[in-house]
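Below: a set of structures, written as structure tokens.
Here come two complexes built around subunit A, the first alongside subunit B, the second alongside subunit C.
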Partner chain A sequence: MTADIDNLKSVRGAARPSLIGAARRLTSGRAAPLLVLIALCVLITIANPSFIEPRNLIRIANSSAVPLTLAMGLTFIILLGSIDLSVEGSLSIAAMVVVLLATNDANSNHFGWFAVVAAIAASTAMGFASGLVQTMLRIPSFMATLGVWFIGLGISVYMLGGSAVRLMDPSIRDLALARFLGLPLGVWVALGAFGLACTIQYYTRLGRHIVAVGGAEDLAELSGVNVRRVRILAFGLAGFFFGIAGVLAAAQLGRSDAVIADGRLFAAVTAVVVGGTALTGGEGGVINTLIGVLIVTVLGNGMILLGVSPYVQQTVQGLMIIAAVALSLDRQRLQIVK
Partner chain B sequence: MNSTSNIRSLLTAGWLQGAIPPILLVALILIIELAAPGFLSGETLMLLLANTAVLFILAAGVTFVILIGGIDLSIQAVASLASVILAQLLPGIGMAAFPVAILGGLLFGILSGYVHVRLKVPSFVATLATGGVVAGIALWLADGRAITIEEAGRENTAWINGTVAGVPAVALIAAVIGLVAFFALRYTPFGRHSLAVGAGEPAALAAGINVPRTKIIAFAVSGTLAAIAGTILAARLSSGSPNLANQLLLPAIAAVIVGGTAITGGLGGVARTAVGALIISIVRIGMTFIGINIFAENVVFGAVLITAVAITIDRSKIAIIK
Partner chain C sequence: MADRSNARFGAMNRRSFLGTVAAGVGVAALPKMSFAADKPTLVTSIRSLSNPYHAVWKSGAEAFAKSVGIDHVTLVSEGNSEKGIADIKAMLAKTGGNMVLNSDPNDTPDARPIVEACAKAGAYVVTQWNKPKDLHPQDFNPYYVCHIEFDGVASGKQIAEILFKSIGGSGGIIALGGQISNTAAIERKKGLEEALAANPDIKLLDFQVANWKSSEAYDLTANLLTRFGDQVKGVWAANDDMGTGALEALRAEGLAGKVPVVGVDGIKAAVDAVRNGEFAATVTSDPFWQGGMGLSIALQALQKKFDPATQPPDHREFYGKAVLIDKDNVQAYYKNNIESQPVVDWNDIWGRVTGPIRT
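Let's look at the complex of A and B:
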């Protein structure tokens, strides 16, 4: 089977000697997103050398922290072949809980780091709820998590009373303000989340089962994988990462409001997909997503450095997604594209 | 003998499944009428129809794409772009602004389809990306602001906000579009091919159906209807803005699924989408009618959405629920 596919590949590759074919051969496979990232960095540096200055690199790391943590959670769901639209709901729940339980300007709570634990727990519970709804009521994840998104966003807006609440706990604010080895603590938290996600994907049974279910759910079930349990755990795990991201976002902004999560879902999906994780599931992983997040952030940073009009940036990002995905798709495995 | 009774039981089961969304719709209307008497008046129902029109037109377009097994996430951007084009051109060229705005939608629909089919990018990503491209263009055209349709332009949009024999014009437009879409899906080769592609693409290919063309047409229809929805929205709000339709993408997709069209494709239709859109907008309006806290509305909406999908979805045609 593998030999067949390899044969097909070489035949098809040889039959297309054009420039696009050459570019595709060069970029096909696992290294494509990394090459895109490197090319972007080189091009932007040539255009504006201040891109490579440490101060700017720290800025990129800082603005990658929340998207990276979010995308870690989303990667597991997309590896399953599902989609999690509850990203913004879970994130705003976590941000709301941390802001309302830690020292703030709306009530007299000051539970300190307990607030952080509670926030992550709340968001994890939202994730488990998505997983349970999807598997127990047997509805597609697209709709289950769409509902959970509205519920999460609704609860947080209701609790915040429609206004913005400031976060005034100094030790939680330090996640954004204090630095260790030159990088804000939030970046280290995001790197820790990345390490955790790597460990889960490559060294735990859950991680392997997620890839197995995403690759072929019927085969995984026949091989004795408890598909329902894997799905529920994966959604819970995603909620856990969204919770961390929510705490980071609240610390970075110093407040929480109704729009704290706006636009984060599509940014996270973009990062996962540009990194090379297939929406059909079973292919890719958290390392791909790290590169995807960096591509998106570097592109955004580069466009600001190059003085591209902010209105056009979205257009450029859209074209970038098409180019990245069109170049890096492994077409032999995709006879049918949906 | 045995086989005929099998077929008959299958038919009745299918009929029952198809009847669930309308039953849910009636049940919802009754619940709201009981909780807040006066809901079932002609005036409220006309308001309901007028408010559902834009959502339904968007959802009808995206139904075509979902039926072929894809998804179109660019409709909100296309609708917003159409509203911007309309608001900018109305003072200069009058009524001709409508076809220009709608042509823009057709163009970007074809672009989405082309990216999806020719570059083999999955439709979720392709339309996410074209949506970004279109949103950027709309921002650039409008210079990031909302454009008000002034008095001079409003003369040309008045017909949309008017009524014909007591029925809002927007509801009539939506009904005409719905009928055309319904017949296009049922009685044209394109409609049959769409269902075939969604039900089983390899079989459709083997049967000689021009799959790429069918897919591109589906995206073109989706883009065109999104643009029509955008122009109507702009006329109703007397304003065009690059994020005018931003809150409508997910409700539109939800309307399609709640109506009973399978998200995996091949099963469903525009009539079901009409029911789904009515369910979605009844829940929205009903919450205001019953007097649910405005901040808690999203919570109720999300819960109702999950319940509605759990009740209406036809699981018999979906092997694996992802």
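Let's look at the complex of A and C:
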């Protein structure tokens, strides 16, 4: 069976010699996102050498910190073949909790790092809630997390009273302002999150179960994987990463309002998909996502360096997404495209 | 089984039908009668409560309602035009038209159905910011009392000039604009361009769009610092959210306070930054005033304290006076507006008229 499909594939591939086909043969699919990233870096450097300056690379790392942490969480969900739309709700909950419990200009709390723990816990709880709603009430992840998104946003609006509250705890602000070995602390936190995500994906049973469930849920279940448990844990894990991202976002901007997370959902999904993780689940992983996040951030940085007019930037981003997905997905293996 | 029980549930003889209709008519008439003899209701219709601007708007409306001792209701459209209009119609039905409405229509075309519904029901209405060009208060005397806007060109120009002065009249600046197709964003950018034309020594290094958002402004500013480095002497932002985002990006580079920022809206973080010398200025339409004064003007019309039909044209469609906050007045502004609730003379209804709206 497998051999037949492979044969069919090679015949089809040979029968349609296209530019994309050629490019993919060159890049052998899996490494495509990395090559896209390298090509982007080289092209931008040629056009504007200040791209490669350490100062700029640090800025890129800093801009990537929040999207990377978010996308780590989202990767597990997309690997499962589900989607988590609660990114913005969970992030705004975490950012709201951290500013309201740490030193701020709206109340007299001074809980310091306890606020950070509480924020991540709150967001993790939201993730577990998504997972429970989905598995216990049998609601598809799209709707369940859409609901959790609005609940989270609603709670933040209510708690913040519609205003922007400033974060004034200097030790938390140091996540954005202080540096270790030249990199802002927030970048180290994001790298830590990346390391944790790698460990979970490659060295734990949960990680392997997530990939198995995403690849073929019925097979996984027949093989004895407790699918419900895997789903609930994966959503909780995602909430944990969204919580870290929320704390980082609040630390970077020095404040939080209910709309602090606006637009983060699509940025995160884009990064995950551009990195080569399939929306159908079971394929890709956190390393792909790291590259995806860097592609999106470098592209944004590069367009500014090249002086691309804001009127066409979005179009370029759209083209880039299609190109990256076209190069990285082995679409011949997709039997149905929907 | 199910069919039969449904049929029985739906069945109705003539007597019970007439009884139901009578009860319905009675309920429908009830609020009209009870409200009609009573005081009018004050109604505020705004987009959301999740942004600081409209939150302050609402507190202004409540402060005014308290000062006159009349009930106040806030309707929130959540960015949904149909909901905004439907809620207003429901309020008109409930109050029998005995109400005044101060509306920030969600979108430009919404103003017409809102005004028409109010005029038909006999309610007095003031609109702010958004209305179609061919919709005029004079056409709906006396119910469409007036329309208020703030001149985005003037605000954009005013903050630009202050920014130029604070960097010594020469050097490069970067600018962050709002959503490309948004009227306020276009007007404020035009104001910046006018100021640039008058100051040839100032160079606009780049104009980028941060979609009114703090987080986008943060990343853009960092990228622009790479491209232009030390050439960046100042940052012009079309609103304070973007301005504060840019300020945090500057702070991460140790440039906060060295590279001045200007913005529009007068949000608290920006006022604080003006006090710290990190912002050169911000300018605000004063949503507290907008929220209270819109109701005050409409209420005075309803109480026949003046006749809208006999007012001059620049009382019917006008630009309000924006309030500039810079280092000279920030301490006083902070004391009067942030530490305590602002005191506004709600009877001075035409005090902030600066002139007719450009067409």
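Simple rule for what comes next: the second predicted complex is superposed on the first by the 322 of 338 C-alpha atoms of A that agree within 3 Å, B and C clash if a C-alpha of one lies under 4 Å from a C-alpha of the other, contacts with A are read in each partner's own complex, and residues count from 1 in each chain.
Heads up, the rule we're going with is that a residue touches a chain if its C-beta (ideal position, glycine included) is under 8 Å from a C-beta of that chain, and two chains touch if they have at least 3 such contacts.
As the structure is a prediction and not an experimental result, all values here were calculated from the model.
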| item | value |
| --- | --- |
| Fit or clash between subunit C and subunit B when superposed on subunit A | clash |
| Touched partner set for A:T124, first subunit B, second subunit C, both or neither | neither |
| Partner chain(s) touched by A:I260 [first = subunit B, second = subunit C, both, neither] | second |
| First, second, both or neither for A:T69, with subunit B first and subunit C second | neither |
| Dominant toucher of subunit A (residue count), subunit B or subunit C | B |
| First (subunit B), second (subunit C), both or neither touched by A:S82 | first |
| Contacts of A:G161 with subunit B and subunit C, given as first, second, both or neither | both |
| Which superposed partner A:I321 touches (first subunit B, second subunit C, both, neither) | first |
| First, second, both or neither for A:W149, with subunit B first and subunit C second | first |
| First, second, both or neither for A:V133, with subunit B first and subunit C second | first |
| First, second, both or neither for A:Y311, with subunit B first and subunit C second | both |
| Shared subunit A contacts, counted only where both subunit B and subunit C touch the same residue | 153, 157, 161-162, 310-311, 313 |
| Touching residues on subunit B, where the partner in the complex is subunit A | 69-70, 115-117, 119-126, 128-137, 139-140, 143-144, 201-202, 250, 253-254, 257, 263-265, 293, 295-303, 305-306, 309-310, 313, 315, 318-322 |
| Parts of subunit A lying in touch with subunit C, wherever the complex brings them together | 48, 50-51, 53, 55-56, 59, 62-63, 66, 105, 153, 157, 161-164, 166, 176-177, 184, 249, 252-255, 257-260, 262-264, 300-301, 304-305, 307, 310-311, 313 |
| In the complex with subunit B, residue positions of subunit A that touch it | 80-83, 85, 89, 133-134, 137-144, 146-155, 157-158, 161-162, 217-218, 266, 269-270, 273, 278-281, 309-319, 321-322, 325-326, 329, 331, 334-338 |
| In the complex, subunit C residues that touch subunit A | 48-52, 54-55, 177, 180, 206-209, 211, 213-216, 218-220, 222-227, 229, 241, 244-245, 248, 251-252, 267-269, 272 |
